[in-house]
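Look at the two complexes coming up: subunit A is in both, with subunit B in one and subunit C in the other.
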Partner chain A sequence: MTNLIRSNFQDHPFHLVSPSPWPLNTSVCLLNLTTTGALSMHNFNNIHYLYYIALIGLVSAMFLWFRDIISEGTFLGDHTLAVQRGLNLGIILFIVSEALFFLAIFWAFFHSALTPTVELGAQWPPIGIEPVNPFELPLLNTVILLSSGATITYAHHALIKGEREGALYGSIATILLAIIFTGFQGVEYSVSSFTISDGAFGTCFFFSTGFHGIHVIIGTIFLAVALWRIFAYHLTDNHHVGFEGGILYWHFVDVVWLFLYISVYYWGS
Partner chain B sequence: MPNSTDNQGSAPPGLSSRPLPSSFDDNADFYNENGFQKVSRRLREEPLIPIGCIATVAAFTGAYRAMRRGDHEQVQRMFRARVAAQAFTVVAMVAGSWYYAADRQKQKELWKLKEQQDAEEKRQKWIRELEVRDAEDKALQERLEKRRKKKAERDSAAGAPDGVAAQAQAAYADAKEKVSSPAGDVAPEDPNKSNITGVRERLPTWLGGSKGADGSSRDKN
Partner chain C sequence: MLSRTAVAVARRATAAPVLRRSIATTVVRRHAETKVPTAHIKGLSEIKTKEDLFGPGAVDGTVPTDVEQATGLERLEILGKMEGVDVFDMKPLDASRRGTMENPISVRSAGDEQYAGCTGFPADSHNVIWLTMTRERPIERCPECGNVYKMNYVGPEDSHDHHHDDHHHGFEEPKTFADFVKPQYW
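Then we have the complex of A and B:
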């Protein structure tokens, strides 16, 4: 066997990727995004056009990169068990970094809420703030998100049992519930009596719930891609790393909501 | 926030009869508790919530560990456990808030009552201040009137002076009197209350600086 022929067969369980432009492309886009984002927050003229260009560039690079990964995993058969373990490791590193990100947000919240300064009236919620009643819309949202956790668990159950319809309907129900949740959060934001500029309370409230909302949207996209891949027969009952990663991410977002609901909505009001 | 249920039974029947109604008059810890105490009090009040949270996180990490092993059945079980644990936590929270509802409602009313009392006290103080000012003003006017009368009597007794020079002299004396009288001559009715100029100096603070006054009254809360 010549080296040329051998290079077509990888006699090891790992995936040695072919040269790809996306890591470099993504790095450049990310640097542009942070730089132009910081500048536009400091009111530099017209810099937000560059920000949008960087954002479009980043989303396109992600799209094309993920497309490559799907073709490698689904059509080229490069995702062996060892590669799947590596991908799983990547998912958990991502989720851990997200968890620490939310830890910082909770830190900011508890720093202000547990020992409220005299400027806030030495009380939390601060004087003059009318917090959202946790047992109105937020409780409904909690139930909706919890139900979406149940439906996505059903979809996972159906997939590993090889029931295509259950997996599809479970995922569709989850995505619908996620969209309803996001819509209700939008309603809550539009009717809230305070804004993000209303002192430590407004800042912490919209900082935490806003970033959670962004994560819900990302998770919805994650699951929507998985839904399409189930529909397109990409996923099997024992090889569905993307779907399981999406479900794990969804459960993570739901757990974050539980902590948000307890500390920001319930105990913090 | 009430400390525990034991306050519920010993609630006084007539709240307004007490000088400063609070269930925590004899509980200095309530007013001085730090962040850690606040958290631990919450956790002790509703212990099911932290238990549910820990169970939820445990199920979530269990799901990841099973996923790493490739054990999809166990992943499924852990996902179910996660949903169940979270549902338990939410139910515990709703039940807890229902259980403490009366306590918390009472506490809220006490806060409101105290706030109203503070506001009323401030209003009374302001009314007293205005009354003192009014009295000072009236006294001043009275004295001026008296002087004017006395002078008119004196003038008429001495015989009305004629000529422009005499009239000018009279007007000058009058003006001089007006200028010198307010500050020094009026004796304040109440030694605690300042005279007119003192009040005027404070006036901008009273009207514009209500923030400081609010802050100081709220600090006591």
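Then we have the complex of A and C:
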């Protein structure tokens, strides 16, 4: 390749993104979501309408932003190896920040559970609380979540080996297990004898398992997008940063559940 | 131990041949259905414009490979790597010696202007100092360590109707004390 022809292409491997409305749009939506969320928790009249508008706006902005990124990565070829490394690092840093978020939630739990105050009856679980039996549905959910970790590993290895069907069926199995997990958590919530307003136990229980549940739902969407991209021939056997990010996120959600199961469900009951 | 082996042998003898034949026929049948002749994949030397940076795409029902499907800059990088060429030239500048006016460190550039970061000789002996070289003024000397760099322009040649000496619109080099030194003291 002559230098003249080489000068037809960008000289460096980095992706200088073009101007986009989504960062500003997302910022505005996030500010609205936080403000209206806090106000609706304080019973401001009708503010939840604005909350749902902000939520819809945020999800739409995310949808359109990720759509742009898929266009740049898959259809324009902007994601060189250096760009892929950067995206990977971004995912890892995001997961580290999520881990610290859950660390704070566990801190709140152990703060109340390790030295239960006299108002709780100086015991954990507090007097009058009937905790969930960890060897019923939560144990089944542990098995389901760990199995989904195995199926997604199968899907990943199948994709790397170039076996399309294995990658598709492995991802479908994972997403089905994820949906079953979320459904069982819904059952668990609906038959629970305590609520989020039942003192420190209820607050910590629904705070931790609720945020974990939201993360499971986000992880399911993450993997569902990857499934669609395998189906639509977007992902190659070597370049599938989004899928790997989803898998990493899924394992993170899995590990958080193990800690939740051991500390909140088993030790905490 | 022996009985267990016998069971395994017996199981393999009955089940395996049936299974193997059916899979083999499936494979043959699927290949006959889906295999299309693989299109010619352009090598790095055949790439002229962005339109050349497209692969043939994957065969239906298979997982695409990067060679089949990658486009754009990603494809250029992969085609380069396949031939052992680093198309982005990401290697650090020559740090085996100190550049001098007679024998400067060469800095490849495809544009009118090029930045080079000097970290001294030996490398990393001082903080990065960014030097700006242009086509009009290709030589720069690091004010910290005296390392000399020279821009090696490899971009497109100027077209003949372009007289860039007559009307110069770009950045004008600011005057320094050296501009006011009388010629007899040069």
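Side notes on the structure shown:
The working rule: the second predicted complex is superposed on the first by the 261 of 269 C-alpha atoms of A that agree within 3 Å, B and C clash if a C-alpha of one lies under 4 Å from a C-alpha of the other, contacts with A are read in each partner's own complex, and residues count from 1 in each chain.
Rule of thumb we're sticking to: a residue touches a chain if its C-beta (ideal position, glycine included) is under 8 Å from a C-beta of that chain, and two chains touch if they have at least 3 such contacts.
All values reported here derive from a predicted model rather than from experimental measurement.
When both complexes are overlaid on chain A, the residue A:G149 reaches subunit B alone and has no touch with subunit C. After overlaying the two complexes on the shared chain, residue contacts for A:H79 are found with subunit C alone; subunit B is out of touch. In the superposition on chain A, A:R164 contacts subunit C only, with no contact to subunit B. By the touch criterion defined above, A:N238 lies against subunit B and subunit C together after alignment on the C-alpha atoms of chain A.
Looking at the shared chain after the overlay, A:L4 reaches subunit C, while subunit B stays out of its contact range. By the touch criterion defined above, A:L258 lies against subunit B but remains apart from subunit C after alignment on the C-alpha atoms of chain A. Taking subunit A as the reference, the larger set of touched residues comes from B, when subunit B and subunit C are compared. Of the two partner chains placed by the overlay, only subunit C lies in contact with A:H12; subunit B stays clear of it.
Under the contact criterion defined above, the residues of subunit A that touch both subunit B in one complex and subunit C in the other are 81, 237-238. The touching residues of subunit A, counted against subunit C in their complex, run 1, 3-13, 75-82, 159, 162-164, 167, 230, 233, 235-239.
The part of subunit A that touches subunit B in the complex is made up of residues 81, 84-85, 88-89, 92, 95, 110, 114-115, 118, 121-123, 127, 134-135, 139, 142-143, 146, 149-150, 152-153, 156-157, 160, 237-238, 244, 247-248, 251-252, 254-255, 258-259, 261-262, 266-267.
The touching residues of subunit B, counted against subunit A in their complex, run 34-35, 38-39, 42, 49, 53, 56-57, 60, 63-64, 67-68, 70, 72-73, 75-76, 79-80, 82-83, 86-87, 89-90, 93-94, 97, 215, 218-219, 221. Note for the complex: subunit C touches subunit A at residues 44-45, 47-50, 53, 57-58, 61-66, 68-77, 85, 87-88, 90, 110-111, 154-157.
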